[in-house]
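See the structures that follow.
In the two assemblies presented below, chain A is common to both, partnered first by chain B and then by chain C.
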Partner chain A sequence: MKILTAIPKPLRAWVLPVLLLITWSVYGHVADNLSPAYVSILSVFERAYLLLASNELQLALEGSLTRLIKGLAIGAFIGFVVGGLLGASRLLDKLFGPSFNTLKQISLFAWIPLMSIWFGMGDTGKVVFLAMAAFFPMVVNTYEGVRSVPRELLEVARVTRLSRWQVIRLIVLPSAVPSIFTGFYLSIIYAWLAGIGAEYFLSSSPGVGTLLIDAQEHFLMDQIIVGVTVIGLVGLALNASAGRLEKSLLNWRGKSTATY
Partner chain B sequence: MSKAGHLNLNHLYKSFHVKDKTLSVLEDINLSINPGDFISIVGSSGCGKSTLLRLIVGLEEDYQGDLLLNGQPIVGTSLDRGIVFQEHRLSPWLIVEKNIGLGLVNSKISDAEKASLIREHIELVGLTGFETAYPHQLSGGMSQRVAIARALVNRPKVLLLDEPFGALDALTRSHLQQELQKIWEKEGITMILVTHDVEEAVFLGNRIVVMEPRPGRIKKVIDVDLPYPRNRNSLAFNHLREQVLAEFGEDAQGSDETNVALLEPGIDLWRFSW
Partner chain C sequence: MTSLTDYAAKTSAERWAWFPYKEQLWRALRSDRALSLIFPIALIILWFAAVEHQWLPEQILPAPSLMLATASDVISTGELFYHTSISVQRVILGFLLGAFIGLVFGVFIGLSRLAEEYLYPTFKLFVQVPSLAWLPMLMMLVGLEEALKIILIAKSAFVPVAMNTFNGLRAVSNRYIEVAKVFNFNRYQLLRYVVFPSSFPPIWNGVRFGLTHAWLALVGVELLASTEGLGYLIVWGRQLFQMDLVFVAVVVVGTIGYLLDKLLNHIELKVLHWRRDSF
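On to the complex of A and B.
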């Protein structure tokens, strides 16, 4: 307890990474026969510099992020609409809910063969796959949010004679926003993970996943570590920017789901 | 236009259907409420007093008998009838002004008039300065004041109050009772208060309706002739209180309130995060 409180707050999150780096470099100095899979921290930085200097990393990021934004926009939007409709209408829920729940059970990667035949191995196939990854969590959480609007507030809406659209705009949507945001976070994460996966399974075009595959093929341990780190950092940045957006929309709550 | 409403309940019956059984909740309720009356309805739990309010406000339907406001049968909700629930039921994403304004969304008056009505009612319930606060920044008593303002902002003919102060501490409760009484005198509208607090009923009502449970019936209507504002310690007040208590026997003594011990969250590194 004393150890932890001795570390200033903003630095606490760095405890684990720093310990990891120290172990890493100490291991390199003290180990007798290093495995060929071992690379020093320095060579990882060198590789990162080389990838940046040759513009390879920027191109890879640009490719991955462009597909992410396209897929996320399409998937999250359709997911929001579908989830909202299923949540708002008992009829639609009865008609399509069971089918949706069946589809949801299918592993995302099981769609890849179909996606590649329908939409090709290029960017379109990948974007569709990403959109699917973003779609499901958005539907589930939007549905949940719309369904769990407090009955008490709906009664207030009846007493104050709000119309159907006013109820949706003033009561249902705001009350569902926290849940919708949870869905959006998951969509971002799923889409980002699926995007890297898609680069593995669908033929290569510039991307961070492709960078990793190349590194694996040529046994470039340093490039693998650069790639993994970049994927993690991008994920972190995506989560943080979504958190900022949520905070501005949900200042009535003062708590964010982004931190979980 | 008369501000207050004349309510007539004639042979009013209400039952709920639970599975195959029919559960009678209200039986043969007859009550004539004059414009500007303050009616207190007391009774132990299960006597249908809340259902009666929900019928009058229009949240429950399918009743037998007559339920008339100024001679017109009550169908559904209307801006003529406002209600304050036991919980404040404020929208947490709306600031105080907007929560109160919810009652005016469909009023056919200009925005400027709406704004001035809202301002007036914030002042009426003593919340000037809190116009832009979010509900989570308010205490229980303040939230209930907002709920009262929201119910009053359309200038309804009838205001229904369903145990509005039941969840508040004793001090806040007696304070709000006094303020509600002043508001009633100022606005001159009909108010119907449901409560299980006999003192509250006697303090506020000019007529007290005592109900008995299973099925809910009116046991007795007691007129209260004491002048306002009433002194809770006066002999006449206590005499009336005893009289009402005697009407609904022993089950009135038991309070529904339970004490929940609040755990003080200590600064402990190993505590759970909630």
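On to the complex of A and C.
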């Protein structure tokens, strides 16, 4: 315990990763019969350099990210519209809400075989699958956001005789934005996950998931570690950019209420 | 012709005299449930029509009758039950393992600042990589056996449970803790009567997410590396271009996912009844 408290606070986060790295490299030197899956840290860097030099990694990233953006744009937009409609209209909610909630229960990857037959194994199938992954959380959270608009605000709107469009723009959207953003955030996470899955299960086109599954087939642990690291970094970057976008949008929201 | 004039002469009430449940029928037709059935029924009619007129080839959209026949076939041979029970066993084992570790880990880093400072940043990095991305590495380390599926499912359940437990414990309102201090609660009493009850809802949410993620991971891993289970049934049907089989398996996957979620919801209501009573 004394050692733990002796280390200064900012360094504490690094203790575990450094220990893990040391164990990793020491293991390679002392273990008698190394597991065939073992690779040294150095060979991971070599592999990363090779993949970069041959442009393979860049192509893979480009392929995965292009599909991610396409799928996300389509799925999140449709999800936003559907969620908004279901949230705003009791009738539509009653007509389609239960069906939607039933479909939502189907585990995402169970759709892959259907998608592959209906939309092909190529990029179209993948983008549709990604869009579907992004669609569900967006609908749920947009719906929740629209439903949770404070009743008092809508009453004020009725008193001040705002038009339908004004109600949506001035009242519903601003108060639903945080929830919609939660949905968008989840959409990104699910679409990224689905993108990797799609590359595993559908035919191979350049992508980070393809990089991983190829490496597994050829028993290249170093390439797997590079791939996992890249996936983690992209996930971090996506999270950070979504966070920044949300902050800027909520800033606008804060200002507009402050001016009243 | 007399019957027709008779009919016209009758009032509406007389016409419906033979059917005493008119009111109830009318109300049922206008109920929320009836409205919610319109869309699925329309889809089924469309499905029948599409098959009837052969708008789409059989491999893309199997006939409803074929699907029902396949369903009764795999049910009567016990095949469906076999694959389902394997999948459910895997998910329960993996989920319990992952949720338990997640709970312990979440409580540990949630209650101890020191543990948080040392472990949380690494945990956060680990979380950035989705379960599916760990799959190829796991396949190389532990092979394609049962352990692979259990570990991956456990990992998927572990992350949301640990995350929500940690956040839930940290979000306990300071006011409650101040009250506890006024009452001179000791550490055990503080945890037992203040911290755990008030962090139960977010923790339980994590457990629910954990189960959903576990089910998602199960289907993923079974699609990729399995010779039994519902995911395998889907892949197999796909390879044989037997869409009817794929449909049946997908329906079962959806139903079980739904039932698992309902079960946890039910437990939540049971456990949290004090919460509703107190308001």
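Keep this in mind: the second predicted complex is superposed on the first by the 221 of 260 C-alpha atoms of A that agree within 3 Å, B and C clash if a C-alpha of one lies under 4 Å from a C-alpha of the other, contacts with A are read in each partner's own complex, and residues count from 1 in each chain.
FYI, a residue touches a chain if its C-beta (ideal position, glycine included) is under 8 Å from a C-beta of that chain, and two chains touch if they have at least 3 such contacts.
Only a predicted model underlies this, so the values are computations on that prediction, with no experimental measurement involved.
Contact with neither chain B nor chain C is seen for A:Gly79 once the two complexes are overlaid on the shared chain. Between chain B and chain C, C contacts the larger number of chain A residues. In the superposed pair of complexes, A:Ile171 makes contact with chain B only, with no contact to chain C.
Contacts of A:Ala13 after superposition: chain C is touched, whereas chain B is not reached. Looking at the shared chain after the overlay, A:Gly145 reaches neither chain B nor chain C. By the touch criterion stated above, A:Ile106 is placed in contact with chain C alone, chain B being left untouched. In the superposed pair of complexes, A:Arg161 makes contact with chain B only, with no contact to chain C.
By the touch criterion defined above, A:Leu193 lies against chain C but remains apart from chain B after alignment on the C-alpha atoms of chain A. Across the superposed pair, chain B and chain C both touch chain A at residues 4-5.
Against chain B, the residues of chain A that register as touching in their complex are 1, 4-5, 152-153, 155-163, 166, 170-171, 174-175, 177, 250-254. Put simply, chain C touches chain A in their complex at residues 32, 35-36, 38-40, 59-60, 114, 117-122, 125, 128-130, 132-137, 139-141, 215-216, 218-220, 223-224, 230-231, 234-235, 237-238, 241, 243, 246-247, 249-250, 253-255, 257-258, 261. Interface of chain A with chain C (complex): residues 4-5, 9, 12-17, 20, 35, 37, 91, 94-99, 102-103, 105-114, 116-118, 189, 192-193, 196-197, 200-201, 209, 212-213, 215-216, 219, 221, 224-225, 227-228, 231-233, 235-236, 239.
Chain contact summary for the complex, chain B toward chain A: residues 57-59, 77-79, 81-83, 85, 87, 89, 91-94, 102-103, 105-106, 134-136, 150, 269.
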